[in-house]
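Next up: the structures, one after another.
One chain, chain A, appears in both complexes that follow, with chain B as partner in the first and chain C in the second.
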Partner chain A sequence: MDLDNYSNIKSPIHSWDARWKCITFFGYILISAFVNNFYNLIVIAAASTLLVFFAGLPIRKVLKSLKPLFILLLFMVPVISLTPTGDAIFSYGVIKVYRDGLITAGIISVRAFSIVLATIVLFGSTRINIIIKALEFFKIPPVISTIFLFTYRYIFLYIENLNKLLTSAKLRGYRLLRGIRHIRNTVSILVSLLIRSYEQSERVYYAMRLRGFSGSFRSIGSFSFKWPDIVKTGIFVILFTVIIWIELL
Partner chain B sequence: MHISDGILDPKICIGGYVLAACLVGIALKKVKQEDITKVSVVGAAFFVSSLIHFKVGFSSVHLTLIGLVGIVLGVHSSLAIITGLFFQAVMFNHGGLSTLGVNSVLFSVPALIVYGIFDMVFKRIMNHTVLGVIAGILAGGAVLLAILCVMFILYFSGEELRGFAYLFSISNGVLALVEGIVTAIAIMQILNVKPQMLQSYRQQVK
Partner chain C sequence: MSSQIVLKVNKLCFSYPDKKNVLTDISFEMNGGERIALIGPNGSGKTTLFLLLCGILSPASGGIAVNGKDIKPNQFNTDISYMFQSPDDQLFTATVFDDVAFGPINEGLPEGEVKDRVKSALERVKCHELIDKSPHHLSGGEKRMVALATILSMHPEIMLLDEPTSDLDLLNRRNIITLFASLQKTMIISSHDLEFLLETCNRALIIDNGKIVEDGNIVDLLSDEGLMKSHHMEKPHSLYPHTHKRAIPGAPRDH
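Right, the complex of A and B next:
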């Protein structure tokens, strides 16, 4: 939940110009999704791990962020390995582990691990408003960037209000989120929150119109591109070339 | 319900982004300045819904609210869905940035279908309970459609993923039922308290 908490650390990744960092990381994520070769899998796993260390993000926080992925892989890897395809490499009674399944599970795990780490580093090292501003530089429509900024703000308001409503309902003796039998109480709270937020959004819009809102936010901040940014982007361009070259071989 | 990073072939990921761009493009043509805050609020609700878990038997399911988003926002729903999915990917690593396009299409298309059918029904039926039940059935159907599409993509992504595709659809099947009940109750309450929230109502008033 704390996306912007680590954006003030001093590191080579944090000081990277946001525009070039975004385009490089998005490229890296797409290229990582394309990797199938064993050597390339080692390269992307090592590169993503190094990115975490260079960014200086707290390891405990990174591991916590990886928890959903670990849970998914814990469920997915055995299922894929046990799906009958090709030769069985291990069997115990009716349970058989298949080689092709195990290889596919390994490839998926390394790719997912590398992409998620890169995502954590990108959004852990740059404030979300700076990333959205950088995306505006690449001509994403201002309506989308405004919706992204508003949604980011509303998420925290929504969670805060939801927690307040859930606490007050529990204090009044309502049993919530306890299964299908209590679904009506829970939905009533969610709907009242949605209606309240919706009405609030209308008031916010009228207030913004009065202050001269014209559909997009203006900012006086500007990006600066220095020679270390060229070096960092250059290293990744070389990495991309090597990965694609190995993959084509 | 989301497809995670690393599972899909890059061609499918890129195809997903192209289709998502088309859906967002259509929504952008129709969106007005006053809709921005509404889309953002519903996008935030869509995001938060993934944090709400209902205990069903020994397991638990988390909501998606695809049907509700479709009925409330209409053609703009793809904007709220892609925004919600983006923040789910970067804040909780649910889904992923490489599969953001595919996930957006898988959620937006059922949401738009729900809106299309609900809009037709809304012009003919006035009873709030009946409308709520229809919305619930449509929302449940939308989740089933999304599950089937995910299963289809996983099934044809490789022979090794077929077992996972079956298990995914079975484990998420109960979500359609929960989602249907939640949407039915929600639409009945919205119709009673603030029908202006529904896209079909706003269009009828115009």
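Right, the complex of A and C next:
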């Protein structure tokens, strides 16, 4: 969540022109999502890990950001491995672990790990406003970039508001997921958050209009493309070519 | 203070669809450089008046003119700026720089001037070191000061400030008082912090039930205990003959 605090440090990834970094990372994420070959899986896992090191992001923060993925995989891997597909390679009573399920779980885990790690590096090495500006350079509709910006700006505030509401309710005896009365209270809390968000969105719109907003965010400054950007993008293009070639073999 | 009238509000009336007569027959004039304290109990119509003055809401009847020009609702007007009660409403972009630059960019100013204005506004509120930070990483006080910078960067002639000292610690509150004293701006400030208003403003408008009930020198109005009580407010402690708490009605006694 706090990765944008590290967007000002100096590293080869940070200094990469945001337009080319975005397009390279999007390409990398897309290719990683379709990798099946064992060697390619090792390559994308290693490449993503190397990106973290080159970006100089604190390992502890990166691991903290990976926590939701690990929790998800912790539930998903056993489910897929125990789903009957092909030969069982291990059994204990009625529980059977299937070879194909285990392979599928492994592939999904490595892909997810590589993709999430690359996303962390992208957002940890580029300020969100620069990413939005880069998206606009690629003619992403202003509505999408504005939604992206507001999600980033206000998600923290709504999480904070939700926590405040939950704390306030808990202090008066509310317990999550315990009985019908508490379900009703949970709905009330969520509705209250929704109404507050709606009212705030109206005030934010007023504030934008008062400062001249006319439908799209305008910004100053321009991107500068230097030769190291060509080298960095080139390395990834070679990597993409090799991965696709191995996949097609 | 210039004797030229910069703001003229004439018989302004407003109703919300679900609430009639929120403001009735509001009229007042303001000279250049004047500081007006807009005071009144909760729900008296202060924020609605601000939203009308800056052109966000359209009046049911009456008019508002800044420097002789009518304020037209929904038109971008750089002469008058409004700072919202909550800084989270005011700070909506990804970085402090973008937020402070938002108004000047939309005014169509050249890049160099936008940067100069951002730098100068942030220096005035002593927040220049926050320029690259995201608003959600700021403390309540920092957000308030940056929100102030977002309107200072637009160089408005009239500033409308809704509760500018809420969220501020005593040091930042003092910084705001010093800053306001140094600004050559016409201001209308709404606040429940009457001591702050006494230090900042020279005139007060008391608004209650959508009507201006008193308009005059701030010390004279706020000293009138009967008047303050009749509008659900309290005479500021500093206006009692001496500020020892025994002189203040209802204050706890020393044991």
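Side notes on the structure shown:
Definition applied: the second predicted complex is superposed on the first by the 207 of 249 C-alpha atoms of A that agree within 3 Å, B and C clash if a C-alpha of one lies under 4 Å from a C-alpha of the other, contacts with A are read in each partner's own complex, and residues count from 1 in each chain.
The rule is simple: a contact is a pair of C-beta atoms (placed from the backbone, for glycine too) under 8 Å apart; a residue touches a chain by one contact, two chains touch by 3 or more.
Owing to the predicted nature of the structure, the values given are computational and were not obtained by experimental measurement.
By the document's definition of touching, neither partner reaches A:T167: not chain B, not chain C. In the superposition on chain A, contact is made by A:F150 with both chain B and chain C.
Contact with chain B, but none with chain C, is seen for A:V79 once the two complexes are overlaid on the shared chain.
Contact with chain B, but none with chain C, is seen for A:S65 once the two complexes are overlaid on the shared chain.
Contact with chain B, but none with chain C, is seen for A:I115 once the two complexes are overlaid on the shared chain.
Applying the stated contact rule after C-alpha superposition, one finds that A:R218 touches chain C and leaves chain B untouched. When both complexes are overlaid on chain A, the residue A:N129 reaches chain C alone and has no touch with chain B.
Put simply, more of the residues of chain A are touched by B, taking chain B and chain C as the two choices. Judged by the touch definition given at the top, the superposed model places A:N5 against chain C, while chain B stays out of reach.
Legend: residue contacts after superposition of the two complexes on their common chain; A:D100 is shown touching chain B, with no touch to chain C.
On chain A, the patch touched by chain B and the patch touched by chain C overlap at residues 150, 152-153, 157, 200, 204, 213-214. Against chain A, the residues of chain C that register as touching in their complex are 51, 54-56, 74, 76, 78, 81-82, 84, 86, 88-90, 92-95, 98, 101-103, 105-107, 111, 114-115, 132, 134-137, 150, 154. Chain B contributes residues 4-8, 10, 13-14, 24, 28, 31, 33-34, 36-45, 47-49, 51-56, 79-80, 83-84, 86-87, 89-94, 96-98, 158-164, 167, 178, 181-182, 185-186, 189-190, 193-194, 197 to its touches with chain A in the complex.
Chain contact summary for the complex, chain A toward chain C: residues 2, 4-5, 8, 127-129, 132, 149-150, 152-153, 156-157, 200, 203-204, 206-214, 217-221.
Chain A makes touch with chain B in their complex at residues 1, 3, 26, 29-30, 32-34, 65-66, 68-69, 72, 76, 79-80, 82-83, 85, 98, 100-101, 104-105, 107-116, 119-120, 123, 141, 143-144, 146-148, 150-155, 157-159, 162, 177-180, 183-184, 186-188, 190-191, 193-195, 197-202, 204-205, 213-215.
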